[in-house]
């Protein structure tokens, strides 16, 4: 029955079949690419910061996926606890990074009255 | 685009038996679409405040994905630190600098096209990698995740209590995370101090009325006023000649 | 308290010669008449150097002596003019003093040109609002006032309501006046 | 319930689970929404009594008990206004963000043994984390309103709530440490028995930290004297200055939801959860875990217990609100940084040392046996080992 | 430039740079006591400048006064400080009587004292309650209004009005008290006296209240005098001045044989005629707390005066006397008189050309001068302090805008 429906409409398989690591990886990839594009495209320093957060989250999704006991086939290896701990460190470092980046942005804003990263060209010869 | 009519057609022709729905997958789909959709919205939005809001939703949905993957502690952590802490900080920063001209700085069209091409290319690469992961549709059934909070806590103080993966060394031989934990702690402290130092600005201090009052000499007239006794006075014009 | 009564006036005369141009010590509130251009000097002396420090300005009043009815105007004993009245108070000695000064109704008798008088804001900071009010309602220009603009009426109000010949505008931004 | 539906009513499994989930969700939502209505009525009544007047008396007959409903109808009928310069999307979304965050936290809140939306291994953590998101709605509302007063309110709220999360977290960690679990059900179960088993009376440090928790909880849900974000005498109405009608009422419901939540959390963490001061059920020989009809009765009793304690907390917040003046923003921040945080940290340390020095408590007989084996990990030779479930609850001799 | 910044001692290192923002507080704002508009220049939460804008209630009562006879203008004085209309009536009536050299009967004199002191209590109750409201506590406001209602009931019985009385008029009062009024008044005082301790518990000594008011908006005596501040605002700065004791003879004669001590801090303490809570350690003379406290003391002081007035009034046997005719002609000349109203010294200046209609009428408002000093007090305070400071000045817009 399931197979019939799934074969009739391939996308329906998404909600009838259990998810696997690959699903998570796709999500992670989309987050990551969004972050990269965001970093590249935005001129607002805070926008760039948000891009970084997205990139880190994309990576985190991967770590969690590889660590999850739900998503692994029988006998396959998972990162187990290590994946979660690494993701934890990523979150902490992201918080630290956000604090410093925000401080730099505010400092930049104090000195230049703008948050446009293209205007940060003081070191240009 | 052709998928939608197909789904609709399939639903009409052969109604999807609700029993066939894998609820876990459905919720995954929900969270994943929210997460990815708002991540793309962050890229697409120009208004920095809205970007921050989309980011909140995206990261919140990611926390939901973590919960689905059995990483409850991590999910709560994501909500607490990321969504509750980091992003409030970010929104704070956005508002501090959100003056009309800065709210929406638009990138140039060339940048956009370039970023789009690079992004699509990168995405293609990553998706290729994602789909090549071995167990594409062979997840385990009936696995119940162990509560992870305590093992994570124990591993951070250097003791591993979780079940070792297949082929890994025995429980108490595997490395803990004591040193990284300490490094991160120190790092956070340094960052805290550094950020506070960086964000300062010199500015002219407006003296508070209290300080002004405190800095002036003790008023002479207080003594003068105090010297007047509590006897009743008859006042009048100074020109009226002497007090009666 | 020997420095009261007429003796006080002599001191004032000596300190600011020629400022006091008249006096009435028999009135209910005895007053002295001051030359308008010397009012700031007199006040400064009264507030800072006089034996009785008049440290507080209670009230500034402008009285418009002008009779619109020509029949009555013919009978009155005075020429049309504006009278400024300053009520001073000494917190330490608890005595009051009334200063009066006469101004023309219009500067150089050109209607629309406000009569001028030196501001006493430099003597008492509290005079600021009082002078603004007098300017607003009676149309007296205080020279040397830091921020002389209307205070009770709207900024774009026309005319000076407490002048006797004031006529309420028929219309103010679409609001019927009379 | 699901088992009952599957086995007795012969429903298909998916339907049984859906029905169960639906009933649970509806219960939570209605208990909270209905609770908000009751609390709004209670607040008006209490305010009235405190201020020497009657409060609502007419609507709905006696005591004006339908007043909140009538208010709700009035709010529904109000014109839906949005300021000209407002950011429309964010302005509309903000109340729902606040509302959802406040109500989401109830998922992990147990009302009695097994009466819980989703039992979570990290329940406390989850509740605190989700509650923290409520501030987003407020910030967005303040920003999107395009009003300076709203922005002031939002900024105050952001600064205040984020700061108070630190001492609040520390206060919460103490019961977590004593119970050895972040699961709210476990924490409450550990306090079963007589009044003396409550963590409030565990040791002097927990007694002090309870009051720190109360302070921080009042501050983090923005109630007087910490209601800086909506300080009506300074900021008109703070972040919801520009809101009216139903959208405003969502903020209101979120506020009452959060009030109830932090009160329930206080009851669970410090006041024995659903365990009454006197263990009536166990004295009668009943147990809540067996699954028979009697156990349901015990659970209902426990739920009444918890709701009573949480409502008491809410009532105390109302009492405070109608008694005290409001603090200034710098004083609020100072209270947090100079008093609450160091105090919470010191009490945390103290409670930890107490636990090591006097594991059985001052009067050993009053508490559960000290040598009872709990679930979790124990240190042993060559690393920690997991306690076998069969050993949990056994009492062993502990060498001092 | 950077070097200069480093050297200037007034420059401190502060956190993130913020931008100045102009905020309108009012004219529709919960804590501006009517239609007052304060333009705040703020830097974050810090207020660098406050500019009051007034005139929203202006109706040029002085111009109206030039078209009415002296007694006809009495109702307009009601509408100046509508919270203490009796005191306004009295101020104008005495100014006219000063010009006419008229003396009211002994009985009318004591009745006037009785009435205005009762009104002072009512006014201070509103001031106290509204101040609590400014600081975010609602209940004391209603407690204050509950007691004020009883005073208004008494007034209603005496003159038929609850807010704008026109009771005291030129040449006396419009009517004598109804029978049994004094008993009710005494009963009220009896019942009211212990309640004052409740107010002290809820506000004066409340820790948060003290934190919000002590050392906030400190006004030096010089500043207060220079701005012509008066009443509790002036006495809160430690200046010992009360027109009931220091004013002109025609006014102080009213209080002859009355015993009262001016509520002002002298030699580090307030008058010790009653039991008062101690001054908190944080409070500085001239701050909001002292201004508030002086008002609280004056409530007790006025209660004493009312009791004394009741005794003296009941001892008077003669008739109350009729007020002057509406069209009674005034002598030519001018007279200025300041009376001690609850908000401060209210001055009325009257110029007559010999007819019954004054040539010029001038009302010198106490709240006007008291508000003028607000920008000095608010400089550098926090936004939350602005209502605290403006509230402690206890202004009434009807009197400021006239």
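For clarity, chains are labelled A, B, C, D and E in written order, and residue numbers in each chain start from 1.
One rule holds for everything that comes next: contacts are C-beta pairs under 8 Å (C-beta built on N, C-alpha and C of every residue); 3 or more make two chains touch, one makes a residue touch a chain.
Remember, predicted model here, so these are calculated numbers, not experimental data.
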| item | value |
| --- | --- |
| Identity of the chain that, by mean CA position, is farthest from subunit C | A |
| Contact-richer chain pair (by C-beta pairs counted) among A-B and D-E | A-B |
| Inter-centroid spacing, subunit B versus subunit A (mean Cα positions, whole Å) | 13 |
| Approximate Å spacing (C-alpha centroids) for the pair subunit B, subunit E | 52 |
| Approximate Å spacing (C-alpha centroids) for the pair subunit B, subunit C | 64 |
| Rounded Å distance between subunit D and subunit E, as computed from the means of their C-alpha atoms | 47 |
| Touching two or more other chains - residues of subunit C | 29, 55, 91, 94, 96, 98 |
| For subunit A, residues contacting two or more additional chains | 106, 109-110 |
| Contacts with 2+ other chains: residues of subunit B | 21, 73, 77, 85, 87, 89, 92, 96, 148, 160, 199, 201, 221, 225, 228, 233, 235-236 |
| Subunit A residues touching subunit B - in the complex, by the definition given at the top | 1-2, 4-5, 8-9, 11-12, 14-38, 40-44, 46-47, 49-51, 53-54, 57, 60-61, 64-65, 67-81, 84-85, 87-89, 91-100, 102-107, 109-110, 114-116 |
| Residue ranges of subunit E in contact with subunit C within the complex | 54-55, 58, 60, 62-63, 98-99, 101, 222, 225-229, 239, 241, 246, 248, 333-336, 338, 345, 347, 349, 351, 359-360, 362, 364, 368-369, 372-373, 376, 401-402 |
| Complex interface listing, subunit B residues touching subunit D | 18-19, 21, 47, 49-50, 53, 56, 60, 72-73, 75-77, 79-80, 83-85, 87-89, 91-92, 95, 98, 147-150, 154, 159-161, 171-172 |
| Contacting residues of subunit D [partner subunit B, same complex] | 12-15, 87, 89-90, 93, 120-122, 125-126, 128-130, 132-133, 135-136, 139-140, 143-144, 151, 154-155, 158-159, 162, 165, 182-183, 376-377, 382-386 |
| In the complex, subunit B residues that touch subunit A | 3, 6-7, 10, 14, 16-17, 20-22, 24-26, 28-29, 32, 35-36, 39-40, 42-43, 48, 51-52, 55, 58-59, 62, 65-66, 68-71, 73-74, 77-78, 81-82, 85-87, 89-90, 92-94, 96-97, 102, 105-107, 111-112, 114-116, 118-119, 122-123, 126-127, 129-131, 133-141, 143, 145-146, 148, 151-152, 155-156, 160, 162-168, 177, 180, 184, 187-188, 191-192, 194-199, 201 |
